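Per-chain numbering from 1; labels A, B, C and D assigned in written order.
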């Protein structure tokens, strides 16, 4: 029996759960997992439901649910669990985040498809070739930035990309690109935001003498390092560690935090409410 | 408008969510939080739902839900969030867990009532008196154990106790007592179970040279140190720490883990399925 | 045989360890623990040594070490482990950090003396009286701030205070006071610095949607929230927690981090190098 | 100027630090880091010292230190920091620990040499070939075990191996082999020892309903899963995770804990005292 995941986001009010559970019953569904959250500030309602149903045609399942979706004006997603999100990864020269994602994907731990990797450097081409993933080199400078971003958006369309992952991609995306893909670009910042925004966060952390360093996965917005936070991690450090050592240690946190964020996005566990992210673990 | 928390546990099957959400709609309820879990092994279904309703009489709310409860043969609890669980605390001579619970309760962080503290020693009487909580001294030896447990059960009945907390109570309860209060006695064991069962776990941990020590909150069953685990915590330790230092450090973990477990029990977040505990955070 | 702890801080160079170990041998000392650090940036050398010696008179031990101290122009401290630091605690209305320190002190876990607690409110007087610790009420307003700080400095002198602990003391100390006690005032800030400086950090954290909150123990300098960091801790949080819940959860981190910092200061484990703190665990 | 690391282990007593610091002064050394530990139970003394010296010939440096070594009958190691330990890795079919070590080695984060990888399966050959590391297939069964272990010991000799890493190698080594390389074989066990010894620890953890799973790096002895513990790590888990999910999550802990243990062994930070391991971080 196929398993489905549905996501619902709409203005809160009575009857939502009842309407959707009635529609699911109508689709002969058995709910295997369900999480909800009603945000008291924005009055937004979010729900993620896993269910199995004997109906094999996803469009038929969708037809059962459409009246409830329309009644509440909900943002709605429905996915067969066997059908994986398409992810475009962008990387520069640091390869640890890319390798982590590719490793988990290859080991069957991360249920995504990776149709293409894009980079402004050639450095990571051999890694991608080894895994049989097309690698597109889009070097960026002041003159060609608009052209290259246009090319990038073509790739997003061509490969039916669900979301983009910046796996230590060291170029700033244009506001236009950020706004074109809201809640669909995930970045890993190598600090525990909001501490140490901007460049060289490990050097900043060293100079400030912090006792823990961290990494932050967040959605990219036009407002640099201010995007909604998806996940964070930290690791304790000691006085004897210099900025280089901090950066080496920090890579462990970066790749874990980014991998978790990608997994949660791929599993439809993230809901964007204003500047905050609801996470259904 | 009053807030209610309801807990449902029954055999899994289609229509449960729909039936309860219909009943809630009928009770003019707005669901503020809902968590569900269907256990694939035992086919048990658990659900915890918070909701507000304009109906102020809990018995009237209950009447709306009773048909659904009966239809699925569910174990069912309904509580007005303002009405707190009654907790009986048992303690011996170590006072750190007792103090932690009393501090949180007094600070308004832990929504419980504590009608009585029972101890086999007089040591903690002054602490309880300071907080204005009745303290009952029930010293235990081989001869009087049955009598004292009978007195304890009277206290449970007199004070309408919902659950018992063993806050480093160093006596073993009789199997009869354990079985009389299934899922209603919480113990803190001073090790990361199943490692270091039995006596002197910090000494065992020291001798084994572990690099982390921990504590485990679990339901008490007749099978010592084998009860279903509610929560666990750990702390890293170093070679230079002796067994006494481990025990001092471990107390920090014990009191935090036990306080969390008590809070979750008091919030109806724990469901016992066989030997495993479902925790809705 | 008495145990001593000595701290040495001076410009790095060859022969320091040799000179001190020779002096210790001369004092018939057996080194039980020794930690050193040479800072590559400032070329400062720090060393903390525990040793036992049959010489019972600390001044006689000091005489053996003085030539080495003078040769390297070192900042030097020598303490009999049985002789505890004198700590003045300042508090406002939140009592959790004060209670944590008093609890650990009373349980024999924190080897300090607390001759006096100072507060700008009467709130915590009963707690101090319960523990038999003198409580001095020094309310502060714009007019009397200088007078009250003068009174505070008298208390520091009268009670031979080694260091001051701001246990959620909500007044800003004057630059003059900060500079009078360099490396001798420890504050707990209720955020993971440098994120969320200033007022209402939990509200800031909530609005920013962070996934972990933290606390920072640091030395107080005239530069608010910018003092050298001693220790930090974090705890994961979820979207469903509002600013109040974050502040309740954060208190757990605050009291643990502050208690650790006080313990390390009392054990002579902290060395201040510029804006960074060397910590010998 | 070259940097050296020396390790000293001997019976504790007065004068050790003085003798070695005198010898180092004699070798014109500047100590950059020094850690010591005197074990109160076994009266063993351990010291790890990093120092720079203008003397480029390690044998000349050793000559300065030999009298102190002989005087205290110490186990002594001296290494130029540029000269890396030779590590033989053994693996079966799970590749995550192998990949982690090879990644860190290749990224320059792990200062070791890996002359050869040995496996009882062909699975990991392509990974090793990709990194240019010789791969030796030594399939093991009841008949050929002694022969294959003899071949393994030849490889240890041929490649001048300093220590062996069992990176999820699923065969039990013979007692004779364990005893031939004491403190020189590191294993990763996929549980938080001493919990869940033996086979299928994630299944055991699932059935026991633990709330955290872990991994343990330890020295291999003839006594299975009882060897001295080097490092441990844990990760929280939830009721909804089945044994397979636990094993996937556990792999993250396994590879991090093993990588840390290998790094500490390669940096001469581990000292074996009876059944306990001293770790100088």
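Following the convention adopted for this analysis, contacts are C-beta pairs under 8 Å (C-beta built on N, C-alpha and C of every residue); 3 or more make two chains touch, one makes a residue touch a chain.
As the structure is a computational prediction, the values presented were derived from the model and not from experiment.
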| note | Comparing B-C with C-D, the busier interface by C-beta pairs is C-D
| query | Which chain's C-alpha centroid is most distant from that of chain D? | reply | B
| Could the interface between the copies chain A and chain D be described as same, meaning over half of its residue numbers are common to both, or is it different? | same
| field | Whole-Å gap separating chain A and chain C, where each centre is the average of the chain's CA atoms | value | 42
| request: Compute the distance, rounded to whole Å, between the mean C-alpha positions of chain B and chain C. | output: 37
| message | Residues of chain C that contact two or more other chains, please. | response | 33, 37, 238, 240
| Which of the residues in chain C come into contact with chain D in the complex? | 12-15, 17-18, 21-22, 24-25, 28-38
| query | Hey, which residues of chain B end up touching chain D in the complex? | reply | 37, 39-40, 192-196, 207-212, 214, 228-234, 238-240, 242, 273, 275-279
| note | Interface with chain D, chain A side, in the complex: residues 33, 95-96, 99, 103, 107, 109, 130, 238, 240, 248, 251-252, 256, 281
